[in-house]
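Going by the order they are written in, the chains are A, B, C and D; count residues from 1 in each one.
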(Lines give C-alpha, C1' and ligand atoms only; values in the text may rest on other atoms or scores of the structure.)
Protein backbone atom coordinates (compact mmCIF):
# COMPACT_ATOMS: atom_id res chain seq x y z
CA UNK A 1 0.00 0.00 0.00
CA UNK A 2 1.64 3.23 -1.07
CA UNK A 3 -1.17 5.76 -0.80
CA UNK A 4 0.40 8.58 1.27
CA UNK A 5 -2.97 9.70 2.68
CA UNK A 6 -3.64 6.18 3.97
CA UNK A 7 -0.16 5.75 5.41
CA UNK A 8 -0.24 9.08 7.22
CA UNK A 9 -3.76 8.37 8.43
CA UNK A 10 -2.74 5.06 9.94
CA UNK A 11 0.36 6.50 11.56
CA UNK A 12 -1.67 9.28 13.17
CA UNK A 13 -4.30 6.86 14.38
CA UNK A 14 -1.67 4.78 16.09
CA UNK A 15 0.03 7.88 17.51
CA UNK A 16 -3.23 9.08 18.95
CA UNK A 17 -4.26 5.68 20.33
CA UNK A 18 -0.96 5.33 22.17
CA UNK A 19 -1.66 8.62 23.92
CA UNK A 20 -5.39 8.15 24.53
CA UNK A 21 -6.09 11.31 22.57
CA UNK A 22 -9.09 10.02 20.66
CA UNK A 23 -11.35 11.46 23.32
CA UNK A 24 -10.34 14.97 22.21
CA UNK A 25 -10.61 14.30 18.51
CA UNK A 26 -14.23 14.96 17.72
CA UNK A 27 -14.69 16.37 14.21
CA UNK A 28 -15.64 19.70 15.79
CA UNK A 29 -12.40 19.89 17.76
CA UNK A 30 -10.28 18.71 14.85
CA UNK A 31 -11.82 21.36 12.60
CA UNK A 32 -10.91 23.97 15.23
CA UNK A 33 -7.34 22.68 15.44
CA UNK A 34 -7.06 22.72 11.66
CA UNK A 35 -8.03 26.40 11.48
CA UNK A 36 -5.58 27.26 14.22
CA UNK A 37 -2.78 25.55 12.29
CA UNK A 38 -3.80 27.29 9.06
CA UNK A 39 -3.62 30.61 10.91
CA UNK A 40 -0.15 29.73 12.21
CA UNK A 41 0.91 29.01 8.64
CA UNK A 42 -0.56 32.32 7.52
CA UNK A 43 1.26 34.10 10.34
CA UNK A 44 4.57 33.23 8.64
CA UNK A 45 3.55 35.51 5.77
CA UNK A 46 1.53 38.29 7.35
CA UNK A 47 4.14 41.03 7.51
CA UNK A 48 5.88 40.03 4.29
CA UNK A 49 5.10 41.58 0.93
CA UNK A 50 3.83 39.21 -1.72
CA UNK A 51 7.27 39.34 -3.36
CA UNK A 52 9.03 38.52 -0.08
CA UNK A 53 6.64 35.61 0.45
CA UNK A 54 8.16 34.04 -2.68
CA UNK A 55 11.70 34.24 -1.39
CA UNK A 56 11.78 32.72 2.06
CA UNK A 57 15.09 32.09 3.72
CA UNK A 58 15.89 28.67 5.18
CA UNK A 59 14.69 29.57 8.67
CA UNK A 60 11.36 30.83 7.39
CA UNK A 61 10.99 27.80 5.15
CA UNK A 62 11.57 25.41 8.03
CA UNK A 63 8.76 27.06 9.98
CA UNK A 64 6.50 26.98 6.94
CA UNK A 65 7.22 23.29 6.32
CA UNK A 66 6.21 22.42 9.87
CA UNK A 67 2.98 24.38 9.64
CA UNK A 68 2.09 22.86 6.27
CA UNK A 69 2.55 19.45 7.88
CA UNK A 70 0.33 20.39 10.83
CA UNK A 71 -2.47 21.48 8.51
CA UNK A 72 -2.11 18.31 6.43
CA UNK A 73 -2.06 16.02 9.45
CA UNK A 74 -5.18 17.50 11.06
CA UNK A 75 -6.94 17.43 7.70
CA UNK A 76 -6.17 13.73 7.29
CA UNK A 77 -7.28 13.05 10.86
CA UNK A 78 -10.56 14.96 10.40
CA UNK A 79 -11.29 13.30 7.07
CA UNK A 80 -10.58 9.91 8.63
CA UNK A 81 -13.08 10.50 11.43
CA UNK A 82 -15.75 11.36 8.85
CA UNK A 83 -14.83 8.61 6.37
CA UNK A 84 -14.09 11.20 3.71
CA UNK A 85 -11.72 10.15 0.92
CA UNK A 86 -9.65 13.33 0.51
CA UNK A 87 -8.30 12.47 -2.90
CA UNK A 88 -11.72 11.66 -4.34
CA UNK A 89 -13.14 14.83 -2.76
CA UNK A 90 -10.41 16.88 -4.44
CA UNK A 91 -11.07 15.49 -7.90
CA UNK A 92 -14.81 16.03 -7.47
CA UNK A 93 -14.20 19.60 -6.34
CA UNK A 94 -11.91 20.30 -9.28
CA UNK A 95 -14.69 19.25 -11.63
CA UNK A 96 -17.11 21.61 -9.91
CA UNK A 97 -14.56 24.40 -10.15
CA UNK A 98 -14.07 23.79 -13.86
CA UNK A 99 -17.79 24.27 -14.39
CA UNK A 100 -17.99 27.29 -12.09
CA UNK A 101 -15.02 29.15 -13.54
CA UNK A 102 -14.95 28.46 -17.29
CA UNK A 103 -11.47 29.31 -18.57
CA UNK A 104 -12.70 31.38 -21.48
CA UNK A 105 -14.82 33.60 -19.25
CA UNK A 106 -12.49 34.35 -16.36
CA UNK A 107 -9.17 34.47 -18.13
CA UNK A 108 -6.70 37.27 -17.66
CA UNK A 109 -8.60 39.89 -15.77
CA UNK A 110 -8.06 40.53 -12.12
CA UNK A 111 -11.38 42.30 -11.99
CA UNK A 112 -13.20 39.30 -13.38
CA UNK A 113 -11.31 37.00 -11.04
CA UNK A 114 -12.09 38.89 -7.88
CA UNK A 115 -15.68 39.62 -8.83
CA UNK A 116 -16.18 35.95 -9.70
CA UNK A 117 -14.64 34.96 -6.41
CA UNK A 118 -16.60 37.43 -4.30
CA UNK A 119 -19.90 36.34 -5.85
CA UNK A 120 -19.42 32.69 -5.10
CA UNK B 1 3.11 8.13 -11.60
CA UNK B 2 0.49 7.57 -8.94
CA UNK B 3 1.40 10.01 -6.20
CA UNK B 4 -1.92 11.79 -5.47
CA UNK B 5 -0.19 14.98 -4.25
CA UNK B 6 1.72 15.21 -7.52
CA UNK B 7 -1.30 14.49 -9.68
CA UNK B 8 -3.47 17.03 -7.90
CA UNK B 9 -0.64 19.56 -8.00
CA UNK B 10 -0.26 19.20 -11.75
CA UNK B 11 -3.99 19.40 -12.37
CA UNK B 12 -4.24 22.61 -10.34
CA UNK B 13 -1.27 24.12 -12.10
CA UNK B 14 -2.89 23.51 -15.46
CA UNK B 15 -6.25 24.79 -14.21
CA UNK B 16 -4.65 27.96 -12.97
CA UNK B 17 -2.54 28.52 -16.09
CA UNK B 18 -5.59 28.22 -18.34
CA UNK B 19 -7.21 31.02 -16.37
CA UNK B 20 -4.17 33.26 -15.91
CA UNK B 21 -4.58 33.02 -12.15
CA UNK B 22 -0.93 32.60 -11.30
CA UNK B 23 -0.65 36.33 -10.82
CA UNK B 24 -2.88 36.05 -7.72
CA UNK B 25 -1.19 32.99 -6.29
CA UNK B 26 1.66 34.40 -4.25
CA UNK B 27 2.41 32.26 -1.19
CA UNK B 28 1.02 35.07 0.98
CA UNK B 29 -2.30 35.09 -0.87
CA UNK B 30 -2.54 31.30 -0.98
CA UNK B 31 -1.93 31.11 2.77
CA UNK B 32 -4.79 33.59 3.26
CA UNK B 33 -7.09 31.58 1.02
CA UNK B 34 -6.18 28.40 2.89
CA UNK B 35 -7.18 29.91 6.24
CA UNK B 36 -10.44 31.16 4.78
CA UNK B 37 -11.26 27.65 3.53
CA UNK B 38 -10.31 26.13 6.90
CA UNK B 39 -12.70 28.58 8.56
CA UNK B 40 -15.46 27.61 6.13
CA UNK B 41 -14.86 23.98 7.04
CA UNK B 42 -14.99 24.87 10.73
CA UNK B 43 -18.22 26.79 10.16
CA UNK B 44 -19.93 23.49 9.30
CA UNK B 45 -19.38 22.41 12.92
CA UNK B 46 -19.61 25.58 14.96
CA UNK B 47 -23.16 25.28 16.27
CA UNK B 48 -23.09 21.51 16.60
CA UNK B 49 -22.21 19.69 19.79
CA UNK B 50 -19.17 17.44 19.64
CA UNK B 51 -21.51 14.43 19.53
CA UNK B 52 -23.52 15.92 16.66
CA UNK B 53 -20.30 16.61 14.78
CA UNK B 54 -19.78 12.84 14.65
CA UNK B 55 -23.15 12.14 13.08
CA UNK B 56 -23.50 14.40 10.07
CA UNK B 57 -26.37 13.87 7.69
CA UNK B 58 -25.74 13.53 3.95
CA UNK B 59 -26.30 17.24 3.25
CA UNK B 60 -23.84 18.29 5.95
CA UNK B 61 -21.34 15.70 4.78
CA UNK B 62 -21.49 16.97 1.21
CA UNK B 63 -20.64 20.47 2.39
CA UNK B 64 -17.82 19.14 4.58
CA UNK B 65 -16.37 17.11 1.71
CA UNK B 66 -16.20 20.19 -0.50
CA UNK B 67 -14.51 22.25 2.18
CA UNK B 68 -11.99 19.51 2.94
CA UNK B 69 -11.14 19.48 -0.76
CA UNK B 70 -10.73 23.27 -0.82
CA UNK B 71 -8.29 23.16 2.09
CA UNK B 72 -6.36 20.31 0.51
CA UNK B 73 -6.16 21.97 -2.90
CA UNK B 74 -4.89 25.30 -1.57
CA UNK B 75 -2.41 23.47 0.62
CA UNK B 76 -1.04 21.58 -2.38
CA UNK B 77 -0.90 24.78 -4.40
CA UNK B 78 0.93 26.67 -1.63
CA UNK B 79 3.39 23.83 -1.04
CA UNK B 80 4.03 23.65 -4.79
CA UNK B 81 4.89 27.35 -4.97
CA UNK B 82 7.42 26.89 -2.16
CA UNK B 83 8.81 23.56 -3.36
CA UNK B 84 7.73 21.87 -0.15
CA UNK B 85 7.19 18.12 -0.29
CA UNK B 86 4.05 17.75 1.82
CA UNK B 87 4.42 14.06 2.48
CA UNK B 88 8.05 14.37 3.61
CA UNK B 89 7.12 17.36 5.78
CA UNK B 90 4.39 15.29 7.46
CA UNK B 91 6.69 12.39 8.31
CA UNK B 92 9.30 14.80 9.66
CA UNK B 93 6.65 16.53 11.78
CA UNK B 94 5.36 13.25 13.15
CA UNK B 95 8.85 12.44 14.33
CA UNK B 96 9.10 15.78 16.10
CA UNK B 97 5.69 15.20 17.68
CA UNK B 98 6.74 11.78 18.94
CA UNK B 99 9.67 13.38 20.76
CA UNK B 100 7.62 16.28 22.05
CA UNK B 101 4.72 14.22 23.38
CA UNK B 102 6.15 10.95 24.72
CA UNK B 103 3.31 8.46 24.97
CA UNK B 104 4.13 7.40 28.50
CA UNK B 105 4.04 10.96 29.80
CA UNK B 106 0.91 12.34 28.20
CA UNK B 107 -1.29 9.28 28.19
CA UNK B 108 -4.85 9.27 29.37
CA UNK B 109 -5.28 12.54 31.15
CA UNK B 110 -7.15 15.43 29.64
CA UNK B 111 -5.41 17.76 32.04
CA UNK B 112 -2.00 16.61 30.94
CA UNK B 113 -3.05 16.82 27.30
CA UNK B 114 -4.37 20.35 27.45
CA UNK B 115 -1.57 21.62 29.66
CA UNK B 116 0.97 20.06 27.30
CA UNK B 117 -0.78 21.60 24.36
CA UNK B 118 -1.11 25.05 25.89
CA UNK B 119 2.55 25.14 26.87
CA UNK B 120 3.80 24.35 23.40
CA UNK C 1 -13.79 62.68 24.78
CA UNK C 2 -14.72 59.38 26.41
CA UNK C 3 -15.40 57.12 23.44
CA UNK C 4 -13.29 54.03 24.17
CA UNK C 5 -12.93 53.13 20.47
CA UNK C 6 -11.52 56.59 19.75
CA UNK C 7 -9.18 56.55 22.73
CA UNK C 8 -7.80 53.13 21.90
CA UNK C 9 -7.51 54.08 18.25
CA UNK C 10 -5.44 57.15 19.06
CA UNK C 11 -3.23 55.28 21.50
CA UNK C 12 -2.50 52.60 18.88
CA UNK C 13 -1.79 55.18 16.23
CA UNK C 14 0.77 56.83 18.47
CA UNK C 15 2.25 53.47 19.45
CA UNK C 16 2.64 52.51 15.84
CA UNK C 17 4.04 55.88 14.73
CA UNK C 18 6.72 55.75 17.44
CA UNK C 19 7.86 52.41 16.02
CA UNK C 20 7.54 53.22 12.30
CA UNK C 21 5.12 50.31 11.94
CA UNK C 22 2.64 52.06 9.69
CA UNK C 23 4.45 50.64 6.68
CA UNK C 24 3.29 47.13 7.68
CA UNK C 25 -0.27 48.12 8.49
CA UNK C 26 -2.06 47.89 5.15
CA UNK C 27 -5.69 46.83 5.56
CA UNK C 28 -4.76 43.50 3.96
CA UNK C 29 -2.03 42.81 6.52
CA UNK C 30 -4.14 43.99 9.44
CA UNK C 31 -6.97 41.70 8.37
CA UNK C 32 -4.50 38.81 8.34
CA UNK C 33 -3.20 39.70 11.79
CA UNK C 34 -6.76 39.93 13.09
CA UNK C 35 -7.57 36.40 11.92
CA UNK C 36 -4.37 35.08 13.47
CA UNK C 37 -5.31 36.64 16.81
CA UNK C 38 -8.85 35.27 16.57
CA UNK C 39 -7.36 31.81 15.99
CA UNK C 40 -5.11 32.23 19.03
CA UNK C 41 -8.18 33.13 21.07
CA UNK C 42 -9.98 30.07 19.72
CA UNK C 43 -6.99 27.90 20.55
CA UNK C 44 -7.64 28.57 24.25
CA UNK C 45 -10.90 26.64 23.89
CA UNK C 46 -10.21 23.97 21.32
CA UNK C 47 -9.64 20.96 23.56
CA UNK C 48 -12.17 22.02 26.19
CA UNK C 49 -15.74 20.83 26.24
CA UNK C 50 -18.40 23.52 25.92
CA UNK C 51 -19.07 23.16 29.64
CA UNK C 52 -15.38 23.54 30.50
CA UNK C 53 -15.20 26.64 28.31
CA UNK C 54 -17.63 28.28 30.71
CA UNK C 55 -15.49 27.60 33.77
CA UNK C 56 -12.01 28.84 33.02
CA UNK C 57 -9.46 29.02 35.79
CA UNK C 58 -7.51 32.21 36.42
CA UNK C 59 -4.57 31.18 34.25
CA UNK C 60 -6.79 30.36 31.29
CA UNK C 61 -8.74 33.56 31.79
CA UNK C 62 -5.58 35.65 31.73
CA UNK C 63 -4.62 34.15 28.39
CA UNK C 64 -8.13 34.71 27.04
CA UNK C 65 -8.15 38.33 28.20
CA UNK C 66 -4.92 39.02 26.33
CA UNK C 67 -6.20 37.42 23.13
CA UNK C 68 -9.51 39.29 23.33
CA UNK C 69 -7.50 42.50 23.59
CA UNK C 70 -5.36 41.56 20.58
CA UNK C 71 -8.43 40.95 18.43
CA UNK C 72 -10.01 44.21 19.60
CA UNK C 73 -6.87 46.25 19.00
CA UNK C 74 -6.30 44.97 15.47
CA UNK C 75 -9.97 45.48 14.70
CA UNK C 76 -9.79 49.11 15.83
CA UNK C 77 -6.59 49.62 13.84
CA UNK C 78 -8.09 48.10 10.68
CA UNK C 79 -11.31 50.08 11.01
CA UNK C 80 -9.28 53.24 11.53
CA UNK C 81 -7.31 52.68 8.32
CA UNK C 82 -10.58 52.32 6.40
CA UNK C 83 -12.46 55.13 8.18
CA UNK C 84 -15.06 52.70 9.41
CA UNK C 85 -17.02 53.70 12.52
CA UNK C 86 -17.17 50.38 14.38
CA UNK C 87 -19.99 51.35 16.67
CA UNK C 88 -22.19 52.61 13.84
CA UNK C 89 -21.38 49.50 11.80
CA UNK C 90 -22.49 47.31 14.73
CA UNK C 91 -25.84 49.03 15.13
CA UNK C 92 -26.46 48.84 11.40
CA UNK C 93 -25.59 45.13 11.41
CA UNK C 94 -27.88 44.43 14.35
CA UNK C 95 -30.75 45.95 12.40
CA UNK C 96 -29.98 43.73 9.44
CA UNK C 97 -29.82 40.70 11.74
CA UNK C 98 -33.18 41.55 13.27
CA UNK C 99 -34.73 41.48 9.79
CA UNK C 100 -32.89 38.34 8.75
CA UNK C 101 -33.68 36.31 11.85
CA UNK C 102 -37.19 37.27 13.00
CA UNK C 103 -37.58 36.17 16.63
CA UNK C 104 -40.91 34.43 16.10
CA UNK C 105 -39.55 32.27 13.26
CA UNK C 106 -36.23 31.11 14.65
CA UNK C 107 -37.08 30.77 18.32
CA UNK C 108 -36.24 27.74 20.35
CA UNK C 109 -35.19 25.15 17.86
CA UNK C 110 -31.60 24.16 17.30
CA UNK C 111 -32.54 22.71 13.95
CA UNK C 112 -34.08 25.97 12.80
CA UNK C 113 -31.11 27.89 14.15
CA UNK C 114 -28.46 25.87 12.40
CA UNK C 115 -30.40 25.56 9.17
CA UNK C 116 -31.01 29.32 9.19
CA UNK C 117 -27.35 29.89 9.84
CA UNK C 118 -26.11 27.48 7.21
CA UNK C 119 -28.36 28.96 4.54
CA UNK C 120 -27.16 32.50 5.08
CA UNK D 1 -24.85 55.22 30.32
CA UNK D 2 -22.95 55.82 27.11
CA UNK D 3 -20.33 53.06 27.05
CA UNK D 4 -20.70 51.58 23.56
CA UNK D 5 -19.40 48.16 24.63
CA UNK D 6 -22.06 47.97 27.34
CA UNK D 7 -24.85 49.18 25.07
CA UNK D 8 -23.98 46.71 22.32
CA UNK D 9 -23.58 43.94 24.87
CA UNK D 10 -27.04 44.54 26.28
CA UNK D 11 -28.64 44.78 22.86
CA UNK D 12 -27.09 41.46 21.82
CA UNK D 13 -28.13 39.79 25.03
CA UNK D 14 -31.73 40.84 24.45
CA UNK D 15 -31.54 39.82 20.78
CA UNK D 16 -30.27 36.39 21.74
CA UNK D 17 -32.75 35.88 24.59
CA UNK D 18 -35.68 36.66 22.28
CA UNK D 19 -34.51 33.88 19.96
CA UNK D 20 -33.50 31.32 22.61
CA UNK D 21 -29.99 31.31 21.20
CA UNK D 22 -28.15 31.31 24.50
CA UNK D 23 -27.99 27.52 24.34
CA UNK D 24 -25.59 27.80 21.37
CA UNK D 25 -23.45 30.55 22.83
CA UNK D 26 -20.89 28.71 24.91
CA UNK D 27 -17.53 30.51 24.95
CA UNK D 28 -16.13 27.70 22.81
CA UNK D 29 -18.76 28.15 20.11
CA UNK D 30 -18.55 31.95 20.22
CA UNK D 31 -14.77 31.78 19.79
CA UNK D 32 -15.31 29.58 16.73
CA UNK D 33 -17.87 31.99 15.29
CA UNK D 34 -15.51 34.90 15.90
CA UNK D 35 -12.72 33.23 13.91
CA UNK D 36 -15.11 32.45 11.07
CA UNK D 37 -16.17 36.10 10.91
CA UNK D 38 -12.54 37.25 11.01
CA UNK D 39 -11.83 34.94 8.08
CA UNK D 40 -14.78 36.38 6.16
CA UNK D 41 -13.37 39.85 6.78
CA UNK D 42 -9.97 38.70 5.57
CA UNK D 43 -11.56 37.17 2.49
CA UNK D 44 -12.50 40.68 1.33
CA UNK D 45 -8.78 41.41 0.97
CA UNK D 46 -7.22 38.14 -0.08
CA UNK D 47 -6.87 38.69 -3.82
CA UNK D 48 -6.15 42.41 -3.53
CA UNK D 49 -2.67 43.87 -3.42
CA UNK D 50 -1.79 45.80 -0.28
CA UNK D 51 -2.20 49.02 -2.27
CA UNK D 52 -5.63 47.98 -3.53
CA UNK D 53 -6.66 47.11 0.02
CA UNK D 54 -6.26 50.80 0.86
CA UNK D 55 -8.60 51.96 -1.89
CA UNK D 56 -11.79 50.00 -1.58
CA UNK D 57 -14.79 51.00 -3.65
CA UNK D 58 -18.16 51.55 -2.01
CA UNK D 59 -19.36 47.98 -2.63
CA UNK D 60 -16.24 46.48 -1.09
CA UNK D 61 -16.43 48.88 1.84
CA UNK D 62 -20.01 47.92 2.56
CA UNK D 63 -19.01 44.27 2.77
CA UNK D 64 -16.05 45.13 4.98
CA UNK D 65 -18.19 47.23 7.31
CA UNK D 66 -20.58 44.32 7.84
CA UNK D 67 -17.78 41.89 8.57
CA UNK D 68 -16.09 44.30 10.99
CA UNK D 69 -19.41 44.52 12.82
CA UNK D 70 -19.75 40.73 12.95
CA UNK D 71 -16.30 40.37 14.48
CA UNK D 72 -17.02 43.12 17.00
CA UNK D 73 -20.39 41.72 17.98
CA UNK D 74 -19.13 38.18 18.58
CA UNK D 75 -16.17 39.57 20.52
CA UNK D 76 -18.50 41.55 22.79
CA UNK D 77 -20.73 38.51 23.23
CA UNK D 78 -17.79 36.24 24.09
CA UNK D 79 -16.28 38.76 26.49
CA UNK D 80 -19.68 39.16 28.15
CA UNK D 81 -20.00 35.41 28.74
CA UNK D 82 -16.59 35.40 30.44
CA UNK D 83 -17.04 38.67 32.35
CA UNK D 84 -14.07 40.19 30.57
CA UNK D 85 -13.97 43.99 30.38
CA UNK D 86 -12.73 44.50 26.81
CA UNK D 87 -11.64 48.07 27.28
CA UNK D 88 -9.61 47.32 30.41
CA UNK D 89 -8.08 44.27 28.70
CA UNK D 90 -6.99 46.48 25.80
CA UNK D 91 -5.27 49.03 27.99
CA UNK D 92 -3.53 46.28 29.94
CA UNK D 93 -2.37 44.66 26.69
CA UNK D 94 -1.07 47.95 25.32
CA UNK D 95 1.08 48.32 28.42
CA UNK D 96 2.48 44.83 27.92
CA UNK D 97 3.18 45.63 24.27
CA UNK D 98 4.99 48.82 25.19
CA UNK D 99 7.34 46.79 27.39
CA UNK D 100 7.74 44.02 24.85
CA UNK D 101 8.47 46.26 21.87
CA UNK D 102 10.48 49.25 23.13
CA UNK D 103 10.24 52.00 20.51
CA UNK D 104 13.95 52.69 20.41
CA UNK D 105 14.79 49.04 19.71
CA UNK D 106 12.28 48.13 17.05
CA UNK D 107 11.99 51.41 15.16
CA UNK D 108 12.20 51.62 11.43
CA UNK D 109 13.43 48.25 10.32
CA UNK D 110 11.21 45.70 8.71
CA UNK D 111 13.70 43.01 9.56
CA UNK D 112 13.66 43.92 13.23
CA UNK D 113 9.88 44.13 13.17
CA UNK D 114 9.27 40.75 11.64
CA UNK D 115 11.97 39.01 13.64
CA UNK D 116 10.57 40.56 16.83
CA UNK D 117 7.12 39.44 15.84
CA UNK D 118 8.10 35.93 14.87
CA UNK D 119 9.97 35.40 18.12
CA UNK D 120 7.07 36.35 20.31
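To be clear about the criterion, contacts are C-beta pairs under 8 Å (C-beta built on N, C-alpha and C of every residue); 3 or more make two chains touch, one makes a residue touch a chain.
These figures come from a predicted structure and were not determined experimentally.
Undergrad: Applying the document's contact definition, name the chain pair with more C-beta pairs in contact, B-C or A-C.
TA: More contacting C-beta pairs are found at A-C.
Undergrad: Mind checking chain A against chain B and telling me if their interface is mostly the same residue numbers on each side, over half, or mostly different?
TA: Result for this pair: same.
Undergrad: Express in whole angstrom the distance between the two chain centres, defined as the mean CA positions of chain A and chain B.
TA: The separation of the two C-alpha centroids amounts to 3 Å.
Undergrad: Could you state the distance in Å from the CA-based centre of chain A to that of chain C?
TA: About 24 Å, centre to centre.
Undergrad: Among the residues of chain A, which ones contact at least 2 other chains?
TA: In chain A, 24, 29, 32, 35, 38-39, 42-50, 110, 113 touch at least two other chains.
Undergrad: For a test of understanding, state which residues of chain D touch chain C in their complex under the given definition.
TA: 2-5, 8, 11-12, 15, 18-21, 23-24, 26-29, 31-32, 34-35, 37-39, 41-42, 44-46, 48-51, 53-54, 56, 61, 64-66, 68-73, 75, 78-79, 81-82, 84, 86-87, 89-94, 96-98, 101, 103, 106-108, 110, 113
Undergrad: In the complex formed with chain C, which residues of chain B make contact?
TA: 32, 35, 39, 44, 47-50, 63, 110, 113-114, 117-118
Undergrad: Under the stated contact criterion, what part of chain B meets chain D in this complex?
TA: It is residues 24, 29, 32-33, 35-36, 38-40, 42-43, 45-47 of chain B that touch chain D.
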